[in-house]
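The structure appears right after this line, and notes come after that.
When the chains are written out, they are named A, B and C in that same order, and each has its own residue count from 1.
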Amino acid sequence: MKIDIAIIGGGAAGLAAAIAANNSAVRILVIEREEQLGGILNQCIHNGFGLHVFKEELTGPEYASRYMDAFYEKNIEFMLHTTVVDIKKTNDFLVTVTSLEQGLQKIEAKAVILSSGCYERTRGSIMLPGERPKGIMPAGSAQRYLNIDGYLVGKKVFILGSGDIGLIMARRMTLEGAEVLGVAELMPYSNGLTRNIVQCLHDFDIPLYLSHTVTNVKGKDRLEQITIQEVDSKFNPIEGTEKVFDVDTLLLSVGLIPDITLFDSLSLKKHSVTKSAIVNQFYEANISGLFVCGNALHVHDLVDYVTIESEKAGKNALDYVLNPRKPSKHVHEIQLNENIRYVVPQMIDFEYFDVPIELSFRVTKKMNKGIFKIIQNNQIIMTKKAKNLAPAEMEKMSINPNILIDSSPLMLTLEEVEV
Amino acid sequence: MYDYIIIGSGIIGTTIARELSKYDVKILVLEKENDVANHQTIANSAVIHSGHDPKENTLKARLCVEGNALYEEMEKELHIPLLRTGAFVIAHNDEEENTLNDLYERALHNGVTEISFFSKQEALKLESNLPDDITKALSLPSTKVTYPWEVAFACLENAIINGASFQKDSEVTKIKKTGEIFEVEVNFKEIIKTKSIISAAGIFSDTIAQMIEKDVQYKMKPRKGEYFVLDRKVKRFMNHVIYPLPTAKGKGVLIIPQVHGNILLGPTSTLQDEKDLVSNTKEGLNQIREDVKHLAKNIPFDQVIRTFAGIRSSCTYDDFFIQESKEIKNYFHVAGIDSPGLTAAPAIAKYLVNEVLKSHQLKKNPNFNPIRIKRDAFYHLDDKTQQDLIKENPYYGNLVCKCEKITEAEIMEAIHGPLGNDTIKGIKKRARAGSGLCQGGYCEGTILRIIARETKQPVNKINYYSQNTPILVQETKVKP
Amino acid sequence: MREMICIACPVGCHLTIDENLHVKGNLCQRGEKYAIEEITHPTRILTTTVKTTSLINPRLSVKTKDPIPKELLFEAMEILNSITIENNVKIGDVIVKNILNTGVDMIATKTIIINNK
């Protein structure tokens, strides 16, 4: 099978990219491993989606539905219940897919958009000590079992990690009849939205233990007990602060990681902080024709931003197919100061910098007030004041090419402003 | 009535079962858990040691070297995975080099034939991630790595097609001898009669022995070993098994490339009272981090996907304790099988049957078939074989575990196969689904549904491992 | 005297409100309004699922069209838990009209087609 653009993943990112790339001159194929489109939105039955894009507050399924309707309308080809097994590149991409219905197939594509979302960090990767009974699972898995299949994975629950997924599950499990005994958060502040702290924890009198982590797990076959301890500024457990909870379930909300293992075999340049591809302003990786967007590129807090980013990636993939760019020599990495954790895109191709580039970035620590600066050749070419900065909230800045002095590298800095 | 009851279906019990099934005898393997191989066999380094480490003139030394050679034959007959990594024992200074020389002498004495010294440069050329401060290395090309529970499955499957019987969920609760016959009580109710008992009960060897002997000659001394598991994507970090110089505590923390591409770092060595507390500890994991620094540089700790721990069946006796009971005729101990137990297993089985059971004058089984056929994982096969298989069985087309590339057909085989199992962990042991990067985060739900469908059970009855460990605890919105 | 964090905007002012409904700590009017509402009649949007007879979609996600009184959440859950959807549902369809007399409907947030036997 020969197509122009293969889109791997039919969730929020893939759908937006497909719609944006849609053009009568190109053949697009969306490849989705689940039995329906929509991705993770299908299990996010809570609201808070769409405030930016639709100016309405929608639930996950409702947001997905908007894009699925637009997608179906455009008659773009898609395969469900189909998994990509391998991707190779010579001139074009050779994508090997497999499904129960069609067996193994090889698809040639001029461009590939990787919109495959994230997987959850596991107990093993955070090296949680203790026994290894049944009853410890990532919060997203528990969410799927509850919202899609209709099962509680336990009756007495403790949650590690106060990111939104942990908070949402605290509320969800309580409403469905479980007892949630508490949420522990390693940092001295929660990563989740304040609204979720109020409506998921305070509403149900679920205690939040900041600067705490789980230090022991007990239970041979089934989980029986966990111990949490306060941690110091170096995140070492403090003796004497042990608190023990009798639970049958420990949900982990300890981070999401972009799911790009398919590209381990290609020589994809990866970023150590985002754990995903290094891309330029076209969301194109170091492999030409390979575009990455959505959670597969970097973990987003708002699906609205996934949509906006993926629409750009889709359009760029379309441009790539119709009008391939010649390789440029003026590609530079954006320098950062110590207050910026990462920026996407990481690279700017100055040869093709003729429309504004939107930078998405995260700060390294909370700040009440700060100033962002773009610096080129030691000159400040742009500033932006900001309030209430937090690592959990993605920041954005649009750089207009007309402020550039020349094609030398840019630096993005953040300085705290004393209140 | 049986001729032999083997208590325990770990690597030792299963290799013994296979060896015995070469003879015309009636065999029953009893396993207290609900699956084959649950304790030491699924929580060790998986190394087939060369034989440089065990003390000279011990059973451990002899059976380690013999066992190492027997794995070649087992690979062909049983289709078990065997990774020929070779090994380096590394020295960082003159003192360590002296110990290295001692190890060399010991290895030769024990019967190791492939052995040589490598200079620092030669070793670093083959393994660029060895530490820069090594001075010399001992090369042991006969060191290999296997997949221990797969070996146990293979041996037991082969024993069964050659006539042996297997009973899981069968805990031995009492042993009585009346005349020449043993009465083995299982689960406090069933009585099974046998002429001989072979105890391969691992860490519970003394508990079982106490049921029939007044004066058990050894006491188990459980010793925990903790490990890190690194993801397959860093498999090029190290290709050989790397040993430090051994100390009184044992071989020390090693770096061990695994058959399926992961790398193990470990084990620690901590005595404890509990026989089955396999928890990981902060101290243990930190110990590994500290110790492994002497074995390599650029250690990719950010690629840890899992930690685990195992309990060694160490005991007060200084060697393998493989002998007939001095009190009770036809009760055979195979106890104290800690390292190099996995390596020695096939040799332990031959030693037991050929030497310890010599007086039983066993007659050969003329129909013994040594071959156990097992296809490689679907995604290790060539394109044509894959296409043929999918035509035959479309379930090979459905990828369930995307991290390790395991298909629905392979999961169905794990459920229905000769030693099939209907638990999540049982499927993981057989088909490897869920043992990769995301640790089942993606595929567990699908595997649950496949098991439920194939065994005609509701999803909330499917267990994680032992009885009463259902993943789905309660269906919502239904009246109880 | 009650303390709370305002959720009207990302600032998250820490507010206090006394028995006379005097609010302190707010940087804007929305904070005052929020605090008074939270004390006098706090409301919440309820999002949950209801059971269906479908084997492919055993649960249908639903939500309250508007916020309902916070103290009614568990009672609303009980009503919803006793429902089984047997027919096709379109996104936006009313599943429970005027739940617990709040004047608020419970609507479907997903479209599902149920293959009847």
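One rule holds in what follows: a contact is a pair of C-beta atoms (placed from the backbone, for glycine too) under 8 Å apart; a residue touches a chain by one contact, two chains touch by 3 or more.
Here the structure is a predicted model, which means the values were calculated and not measured.
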Check your understanding: Chain with the smallest distance from its CA centroid to the overall CA centroid?
Key -> A
Check your understanding: If you tally the C-beta contacts, which comes out ahead, A-B or A-C?
Key -> A-B
Practice item. Please work out the Cα centroid separation of chain B and chain C, and write it as a whole number of Å. Key: 53
Revision key, fill the gap. For the pair chain A and chain B, the C-alpha centroid-to-centroid distance in angstrom is 39
Study note, to complete from the structure: So, in whole Å, the Cα centroid of chain A is separated from that of chain C by 27
Point to revise | chain C, residues touching no fewer than two other chains | key: 49, 51
Revision key, fill the gap. For chain A, residue numbers touching 2 or more other chains are 146, 149-150, 176
Check your understanding: What residues in chain B touch two or more of the other chains?
Key -> 476-477
Check your understanding: In the complex of these two chains, what residues of chain A are touching chain C?
Key -> 35, 42, 45-47, 57-62, 65, 146-150, 175-176, 194-195, 197-199, 202-203, 387-388, 393
Check your understanding: What residues of chain B sit close enough to touch chain C in their complex?
Key -> 476-478
Practice item. Show which residues of chain C lie in contact with chain A when the two form their complex. Key: 4-5, 7, 10-12, 44-49, 51, 56-59, 61, 63, 70, 73-74, 77, 91, 109-111
Study note, to complete from the structure: As the complex stands, chain A meets chain B at residues 33, 81, 83, 85, 98-104, 119-120, 122-125, 127-134, 137-138, 140-141, 144-146, 149-155, 176-177, 215-218, 220-222, 237, 248-249, 261, 264
Check your understanding: Any idea which chain C residues touch chain B in the complex?
Key -> 49-51, 80-82
